[in-house]
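Okay, so subunit A shows up in both of these, paired with subunit B first and subunit C after.
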Partner chain A sequence: MKTLLSSSTTSRQRTQKKQRAHYMLTMHLMPYLLVLPAILFIGVLVIYPLLFSIFSSVHVDDLLYPALHKFVGVQNYINVLSDPSFQIAARNTVFYFIFTSLGVFLFGIVIALWLHNLPHKWRGVFLTVVILPWAVPGVVTGLLWSFIYNPTSGLLDGLLKSLHIISQNIIWFNDPKLPNLGLFLITLALLWQVVPLAAIIFVAGLESIPTTIYEAARVDGCHSWHLFSHITLPLLRPSIAIVMVQAAVLSIGIFDQVYVLTGYDPNTKSAVIQTYLYAFQNLNFGQGISAALLVTLSISVVGYIYLRFIYREVSY
Partner chain B sequence: MRKRISLVIVGVIIVLWCLAPIYWALVVGLSTPYQINGSQPFFFPHPVTFQNFSDLIFGNNSVSGSFLRMAFNSIFEAGMTTIITVVVATMAGYAFGRYKFKGSRLLFLVIIGTISLPVYAIIVPLFQLMAQLNLVGTYSGVILVEASATLPIATWLMRSYISSLPQAIEEAALIDGASFLTTIRKIVLPLIGPGIASTTIVVFLFTWSQFLIPLTFAPSSGAEPLTVFITQFATKYAVDYGLQSAIGILALIPPAILVVWFNRRLLSGLLTGATTS
Partner chain C sequence: MPSGRALLFIIAGTTITAALSGCGATSAAAPAYKAGTINQEYAGTTITVMLPPWGNMPKSQLAKFTKETGIHVNLQILAWADIHDKVVTAEAAHIAPYNVGEVDWSWVGQFSQAGWYTPLNNYIAPSLLKHAINRNIFTINNQLIAMPYNFGFKETTINLTDFHKAGITSIPKTWGQLLHDAQTLKNKGIVQYPIGFPLSIGESNSTNWFALVKSAGGSLFNAKGTPEFTQPTSPGYQALSFERQLYQDGLIPPGVVSLHNLQVQNLFGAGQIAIALTSGPLFMSSFKSSQTSKVYKDDLLIIPLPGHDGHRTGTFGLPEGLGIPKLSTNKGASAMFINWWMQAPQLLVSYKDPNMGNLPSQTTALNQLVATHQLLGGKQIEQIEPTVSPLFPHGTPVWYPQFSTDAATTIQSVVEGHSTVQAGLDKLAGEAKQMEKTP
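Coming up: the complex of A and B.
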């Protein structure tokens, strides 16, 4: 019976069958082959180190004493949290986070509204100008701003001097009278780089709001401020949530700009700078890992809160 | 009319804010040491000198030698990382965008979940791993880590782009007996070209800016890129602001060119990327 069937199969049917088998094989095996390299990369270079991180954070692991390796529970976390140098770094990071969040929101909205109201033919050019600082590497951003804050030939001192606001150059960092000024100045450099992205996200958000809503509100006698606070802001909520999460990620994780502008200076060092100090200067890997995980955890918590309370699906 | 005037005033402030730091570095880079270290405030180079730039590029000294080396490192590492990331991400993005397979949801979530995982969270064990593999201080070490750091966002970008395209043409080709590779080469690749282009630009810009990764994996080994070189240079030649700013300007030229040239592609990539979080 079997042989009879197969002998009656015409060659056309056979090729069709072959094609079908080939098609099925392609459909079933191919996706796994395609994702394999990505899975290998992420598995070996991200997931494995992450699991190892979590494992190490509850063990003692010190390059200087390699034999010492035992389970210590949350001891590493407690050590990090009670270390005065981490507390200073954490305090500085809270400053960075607050200044950056406020700045990104305010400047981002202002620049986005400006771009949105520009005549169409100008928008392309100025979008490019606005996005340019975003593409500048963090280290170069730090460098550019170091020339502005430079105490001997900086632009800031030069400007204030030629406007006769000051007569002597001010040394902007390490002024004992203004210990928090450095944090503010570094935040400005970070804002210069981060605000463009916020503005672009806000512009896209503004563009998605139908103009008919504004027209209707205007007919009903709404003033511009009310249009902004009652229509624009609530409808921008998804964009605002995204921007605020980005601001949190970039400010809590600030490293490059601080490293270039003030290095390991306790007045301005961030939590990630402290992490780097633990691991690669003190060679205490366990402490470095715990500190890094604490920073990561705080970013996740802030991000979750933002998405939970700011983000709302908007439909028209 | 009032609206127009306020648009212009706000615009002038915004443009000054965006461009002044770059302009100022250019001024310092084009000035003589005499002017930079003088006590007179200055706002444009007078006289203009290209000495700093020519010292860096053509100068027959150790500074120029290491600058050219590090500039090559930057281009090589960013280029290789971009190629590897885009190829791997396109493959994975195609699989996730086109197939429903067992475990696809889980695998996708694992890859995408790591977008929000910052590099510093895992840099210590990653360093230990790379040290065991003898890859610290090598091109491969830096490139592998940078590729794994940019892969999640690149995969997301490629999947978003691919799933926005209709599937019918590829299915027809496959059912008509075209081999998988032919379908990919003749039909899929031309269709997803624009998606590949914006992913390439985003990944290149991310990689060019990397600092913590090369600082950790290629410290003073000859494999460090410009970003690391800048910080070493700033401590070594602390007062040579002219040279420092010339390096800064040269390091921001490649990203600036990409932004000006491809701003539309970049913006679409950025917006897709930003909405993941």
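Coming up: the complex of A and C.
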């Protein structure tokens, strides 16, 4: 009897042990199994190319002279950073970054406040209209603005002439009196595309702020400007951080609009245009990838700074 | 544009690998192809052909090829510059960008150095090789890396109706006459800006200067590769000075500093300029079309580039060819397609189709057009043909694309007065010497 009992207990214990082991295995393994597809996906499409790019950037990787393939350390980076063409392109890119960031923030907020204060029935309609430029691809944006800036038959010259503001066409991208005008005009084309997204993100942020906070502040005697600077702006910090990161990604990585509007013009070419020239004109992938990684690094640093210093958790 | 361009290279390579993995992969061990034959040997295979918009051979014509050979053609039309990038990306990933496709004259140096293309010497019928115009532009070290499918060269197109309105009765043969005629056209109010050529930073700007250098009987580099354009007496120096004078005298629209070639040709089609200084025969069909031109009823004339006073005029060829990448499978079927394209009926379709307009690259087809009076400006083209020579007699150098961009930047800067002719050309010569040293 004892033997039977002990044998049945042992068997139950074994089953329980098995079940526990299975449970523990499932509990421990399941999360990894669930994220495995995502890890594989990111590994294949992000990590591997990134590592491969870093590998290429420290080698001579010239399609014209494949036999010269060898490890050169950071020489490609030194070559890129000491290249006057890249320095000019980097300076232009800093211009795009600063003015796009400012424009996106200011215009985005203004449009968002306008949309937020619209009667509810109109908000949907105008939101749809405002978001349209964001849906237009970069190349199409470039083409569209090239019709506007065309120096012989452009809309802008035509408009200014019909208003008797100018008598002769202005060559927008080559005005010797205004050397930075081309950079500014390309920034404008980029803003036209990016501001809608910023406005939508800001609208979402504004709508999440409880109205009771404003009501309480008004009771305490706050005016509109105080409401904006002491309530709206601080509570919009998560949205501002996201918008600014977007602006940094799109302005530091600007390519399409510059390529279509001014091509390889040194006065307006961006760092990514120069990267393209290294890789696709000179067929020097080592140098091209080094330049691309420098651009990526710049975006990452700026993005980190924004998230570190602007982003704050907001809970109500 | 995504942040990491480098990632794009790799992702694009991977994507293209996946997309093209089936491209022509049906016959790993293709039977030997007898050059020039059209037969059913490769029936059932499909080849991918990639060309710019002016290579868009009508489907009905391609159907005839399929009927004759049993080979199916997947014709992909891409923007010219995009084809270059696709070839580079695919080759970097060690896959074929296409079975048969575009090879521009300006890519020859790089693509040949990289060893990406199959020498076609034994794939093309001897009779076709014999009659191919500009074949030498695609030949490096006796290897023909592409077969020209059009006869491209730089010429001048004038609106004779405007000339007559201004009382000009003779055709300009020298830069001096051209300048005089342009001033007459302007002074008589026929057009505000008589001459047009592109001055934006791009290939068409630099090739315009190269063409003027050739028209003055000069060259850019000597046989040793030393720049020949820095001396004030050199054709290169004088050509740039001439461009600068035309711009500063208000004889060309100031806006051309922002326009590329097609936009300048559109100015001619719109009647805003009377002289397209360095046009190409490809544009004539659009100038004569009521759908794309306002001057289609005018008397338009192709003339040789006016030469520098006292020099024999010349021009250079900028043809486009059909090539077969070494990584491409179905080389036999691809070669058969190229041989078929080079036959007179196809070349004539390629010329007459309003979306193509390619001047035939075979003397036989060209002569046929002249003899039957179907060639617009036939007499003049016949006259220009012997003066067409390669821009680089020893083969397009690998650094040509970079040199071309630097030349365009220099030209714009000089023409706008930001730099003197001497300073600009000295700087360009220095850059060219540096490029030649690398690696």
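Following the convention adopted for this analysis, the second predicted complex is superposed on the first by the 270 of 316 C-alpha atoms of A that agree within 3 Å, B and C clash if a C-alpha of one lies under 4 Å from a C-alpha of the other, contacts with A are read in each partner's own complex, and residues count from 1 in each chain.
Everything below uses one rule, namely that contacts are C-beta pairs under 8 Å (C-beta built on N, C-alpha and C of every residue); 3 or more make two chains touch, one makes a residue touch a chain.
Values in this document were obtained by computation on a predicted structure and should not be read as measured data.
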Partner chain(s) touched by A:V129 [first = subunit B, second = subunit C, both, neither]: first
Which superposed partner A:V46 touches (first subunit B, second subunit C, both, neither): both
Partner contacting more residues of subunit A (subunit B vs subunit C): B
First (subunit B), second (subunit C), both or neither touched by A:D256: both
First (subunit B), second (subunit C), both or neither touched by A:F173: second
Which of subunit B and subunit C A:A292 touches, first, second, both or neither: both
Which of subunit B and subunit C A:P210 touches, first, second, both or neither: neither
Which superposed partner A:I148 touches (first subunit B, second subunit C, both, neither): first
First (subunit B), second (subunit C), both or neither touched by A:G73: neither
Touching partner for A:P234 - first (subunit B), second (subunit C), both, neither: neither
Those residues of subunit A which subunit B touches in one complex and subunit C touches in the other: 45-46, 48-50, 52-53, 56, 138, 150, 152, 249, 253, 255-256, 272, 275-276, 279-280, 285, 288-289, 292-293, 295-296, 299
For the subunit C and subunit A complex, residues of the former touching the latter: 1-7, 9-11, 84-85, 88, 91-92, 110, 113-114, 200-202, 253-255, 257-260, 263, 267, 272, 398-399, 401-402, 405, 408-409, 412, 416-418, 439
Touch list for subunit A against partner subunit C, complex: 45-46, 48-50, 52-53, 56-57, 62-66, 68, 138, 149-152, 169, 171-174, 176, 249, 252-256, 262-266, 272, 275-277, 279-283, 285, 288-289, 291-293, 295-296, 299
Of all residues in subunit A, those that touch subunit B in their complex: 19, 22-23, 26-28, 30-32, 34-35, 37-39, 41-42, 44-50, 52-53, 56, 110-111, 114, 117-118, 124, 126-133, 135-141, 143-148, 150, 152-153, 155, 157-159, 161-162, 192, 196-197, 200-201, 204, 242, 245-246, 249, 253, 255-256, 259-260, 272, 275-276, 279-280, 285, 288-289, 292-293, 295-296, 299-300, 303, 307
Interfacial residue positions of subunit B with respect to subunit A in the complex: 3, 7, 10-11, 14-15, 17-22, 24-25, 28, 36-38, 41-43, 88-89, 91-92, 94-96, 98-99, 101, 104, 107, 110-111, 114, 116-118, 120-129, 144-145, 147-148, 151-152, 155, 174-175, 177, 179-180, 205, 208-212, 216, 227-228, 230-231, 234, 241, 244-245, 247-248, 251-252, 255-256, 258-260, 263, 266-267, 270-271, 274-275, 277
